[in-house]
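Here come two complexes built around chain A, the first alongside chain B, the second alongside chain C.
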Partner chain A sequence: MKGAARDAALAVLALVVILGLLVGLARTGTLAVPPPEGNRPLADKFLKTTYNWTSDLWSASPEVVTSILWDYRGLDTVYETGVFFLAIIGAIALVRGIKTPSLRWRGMSVVARTVSKITLVAIPVVAASIALHGHLTPGGGFQGGSVFAVASLLAIVALGTGFLTGRGWSKDRLLAFRTLGLLLIALVAVSALILALLKGEMGYIMQNQWKPWARVGLGYLFGGGNGILYSGSLFFLNLAEFLAVSAGLSLVFILMGLPWESLKGGASE
Partner chain B sequence: MRKLAIFLALIPPLVALYLLYTGSLSLFELALAIIIATVISYLFSSALISRPGRLYNPIRWAWALIFAILYLTVVEAKAHLSVLKLIFVPSRARPAIVRIPYSVESDYAITLIANSITNTPGTVVVDVDEERKYFYVHWIRATDLTEEGAKREVSELFERYARRIFE
Partner chain C sequence: MPEQVYLCHVLIALFMTYALILTYKTLVERDMLKAIIYSAGQAVAYTLALTLLAAPDLVLAYVAVGVGMYTALFLFVLSRTERFEAVQGGEAT
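Right, the complex of A and B next:
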C-alpha cells in the first residue's frame, strides 16, 4: 500500500513537471520557432534557382533538398560519405580476424521466416525506387540505401546471419561494393572537371550544370527534347551512394549480429 | 535450367511492384524496373521459390482469389460475430491453448494457414512445431479440446484452400 501511494505521488509529480515544462516552453514561444528572418533570402534563392534554366546556378532538378545535398553543397556530402566510410572501416577493424559464420541458422518460426522472405524482396525494390528518383521526389541515395539495409536487418533477425553469409554476403564482398560506390562518387565528382580540362576550359570539382564561366555540364535530359530528366550528376551520385550505403550498412548490421561464440577469444591475426 | 526458371520467375512480380510503387509506366521506368528486379532476383530468388511452375498456374491463382473473397467476407464476418457475442456474454469465454495438427508440406501453405488463423478474431497461433506438424493455437472460446475437433472448428477450411493454392 505504501509502495502504491509512492507510485501515485511520483506519477502526479512527473505529470506536474512535464506540464510545467510544456507551459513554460509554450509561454516563451519556443514551441513554435519561426525561422530566423535572416535565413529567408537563402531559401528564396534555392527555390528560385534549382529548377530555373534561366539561372546560372540551376541544378536541373525540381527536388531542392537533393540539389542542395549533391550540387550546391555537394563537396560536403562527399566528405560526409567519406566519414561514414571511415566509420565502417573502424567497425571492420574491431572484428578483424573474426570469421562470419557460414552455417545455416534456423532463424524464427516457419511463419515468420516465410513472411520475412516475401518482404525481403519487396524492400529492396522500394529502396531502389527511392534512390533512383532522388532527383525528382523526396529521397535519394542515402535514404534508399538505409531502406535497403532494413532488408538486411530483417534477414539477420528473422532468418539468421547465416542466411546472408551463406549467399555469399561476405565481409570482403560487401566492403568491395561499398568501395565501388565510393569510387563511382569520386568519378562523378571529377567528371565535369576532367571534361573541362580536356577541352582546355574552366571547370569545377562536383560541377553539375553548364555555367557561362565554366562551360561544361553533365546534361540533364536523357534522349534529348522531351527525354527523361536525370538532372546531370544527381542521378549518378544517388545511384552510387545507394550502392555504397546499402553495402556499408548491411555490412555493419552483419557485424553487429555476429554471435557471441564467434567473438570469443578475440582476433586470431 | 531449373535454377534459371526460379531466377526468371521472381522478376515479373518485382517489376510490377516497382512500377506500382513508382506510379509511372514510361519505357525508361520499365527498363529500370527490369534491371532492379533482375539484381534482386539474382540475390534472393532461390530462397523464395522452389517450384516456379506453381507460381504461374492460373488454377492456383483462381483458388487464391476464391479463398481471399471467402475469407475476407464470410469467414471474417462469422469470427467477428462470435467474438462480438462474447463481449456481451463474457461468461461464455473459455480460453485455452489447443494443439491442432496440419498436414501440408510447403512453407507458404503453413504460413497461409497460420496467418489465416491469427487474422480471424478469437484465435491466435502462438507456436508452430515444424517437426511434429502442430500449431499451438490460443482460442478464446475453445468448444472442442481434441485435436481433430479443434482442427474442424478452426483450421480445416484454411488447410483445404492452402493445399489447393500452394501444394
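Right, the complex of A and C next:
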C-alpha cells in the first residue's frame, strides 16, 4: 500500500515536472517554440570566423567546438590536461612500490571472452576515428582517449588482468606514453612562437594560423593545393591528447585491477 | 500553453524526468550495487537529452565517462567494500 502510494506520487510528480518544463521552456524563451532561427551573437562570431579564410581570426577547421577548445581558448585546455596529468600522478603515488602480482583475475567465461575480443577490435578503431577526425567532425582527443580507455577497461574485466600486462602494458611504459603526449602538446603550443622568434617576428603561444600582426602559422593543408585539411595545430594537439588520455586512463584502470592482497602489503616496500 | 509542441522537447523533458527519478532512487537506495546501476541509468538519460539538444561533442565525452568509466570505477570500489549501506545502529543489514 505504502509502495503504491509512493509510486502514484512519483507519477504525478513526473507529469507535473514534464508539463512545468515544457511551459517553462516555452515561456522563458530558453528553448523558444518554434526554435529560434538565428544564433546568439557570440555563437555567430565563432561560426563566421572559424572556417573563413578572409578573417584574421580563422582557425582553419570546420569543427567549431574543436577550434574553440584548442585554438580560441587553447591555453585553458592545456591547463586542463595538466590538471588531469596531476590526478594520474596522484593515483600512481597511492600504489607506489607494488610489484606486478602473481595472483591474477582470470577473466570471464568463454562466451564473454569471445564477444569481448570482437568488440575490443572495434572500440579502438572508433576511438582513433573520433580523435583523428576531431578537427573535422564532433569529437577530439579527450573523447577519443576516453573511448579507448573503455576498451582497456573491458579487456581487464572480461579477459583478466594478465591480458594487458602480459602484452607489455607496464606501468612505466604507459606513464612514458602519457608524458610523451603532454610533451607533444607543450611542443606544439610553443612551435609557432619559436618559428616567429627564429624569423625575428611577433608570435604567440598556442598560435595556430597566420595573422597580419603575427605572421607565422602552422599551415592547414597537407600536400598543398587540393591537399588534406589538417587544420594547423588542431590535428597534432588532438593526437597528443588522445595519446595522453588513453594511456593515462588505461594506467589507472590497470592499477585498479590489481588484486586487493597485493595492495595491502605493497606500501611497506 | 505553447501554441506548438515539438516531439524533441517532449522527449527532452521525459529524459530529464527519468534522470530526476533515477537520482532520487540512487539517493534512497541502501543496496550500493542497485544505486550504481540507477546512477548509470541517470547518465544514459542525460546522454539521450544531450543528443536531442544537438551537443554531439558533449555526448561523446559523457557516454564514455558517465556510462562507462564512472560505473566501472564505482563497481571496482564496491568490490572492495560492503555491498549494503549500514543502518543507523552501525550494523550492516
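To be clear about the criterion, the second predicted complex is superposed on the first by the 224 of 269 C-alpha atoms of A that agree within 3 Å, B and C clash if a C-alpha of one lies under 4 Å from a C-alpha of the other, contacts with A are read in each partner's own complex, and residues count from 1 in each chain.
In the analysis below, contacts are C-beta pairs under 8 Å (C-beta built on N, C-alpha and C of every residue); 3 or more make two chains touch, one makes a residue touch a chain.
Everything numeric here is computed off the predicted structure, so don't read it as measured data.
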Query raised in the report: Of the two partner chains, chain B (first) and chain C (second), which one does A:21 touch, if any: first, second, both, or neither?
Result: second
Query raised in the report: Is A:147 in contact with chain B, with chain C, with both, or with neither (first, second, both, neither)?
Result: second
Query - Partner chain(s) touched by A:249 [first = chain B, second = chain C, both, neither] - result: second
**Report entry** More chain A residues in contact [chain B versus chain C]
**Finding:** C
Query - Touching partner for A:157 - first (chain B), second (chain C), both, neither - result: second
Query raised in the report: Who does A:65 touch here: chain B (first), chain C (second), both, or neither?
Result: second
Requested in this report: Return first, second, both or neither, reflecting whether A:10 touches chain B, chain C, both chains, or no partner chain.
Outcome: second
Report task. Scan A:187 for contacts with chain B and chain C and give back first, second, both or neither. Result -> neither
Query raised in the report: Is A:109 contacted by the first partner chain B, the second partner chain C, both or neither?
Result: first
Query raised in the report: Same chain A residues contacting chain B and chain C, which ones?
Result: none
Query raised in the report: Of all residues in chain B, which touch chain A in the complex?
Result: 10, 14, 17-18, 21-22, 26, 28, 32, 36-37, 40-41, 43-45, 47-48, 107-108, 110-111, 114-115, 125, 127-128, 130
Report task. In the complex, go through chain A and note every residue touching chain B. Result -> 109-111, 113-115, 117-118, 120-122, 124-126, 128-129, 132-133, 159, 163, 167, 222, 228
Query raised in the report: Given the complex with chain C, which residues does chain A contribute to the contact?
Result: 10, 14, 17-18, 21-23, 25-27, 31, 33-35, 65-66, 130, 138-140, 142-143, 146-147, 149-150, 153, 157, 249, 253, 256-257, 260
Query raised in the report: Which of the residues in chain C end up touching chain A in this complex?
Result: 1-6, 9-10, 12-14, 16-17, 20-21, 56-57, 60-61, 64-65, 68-69, 72-73, 76, 80
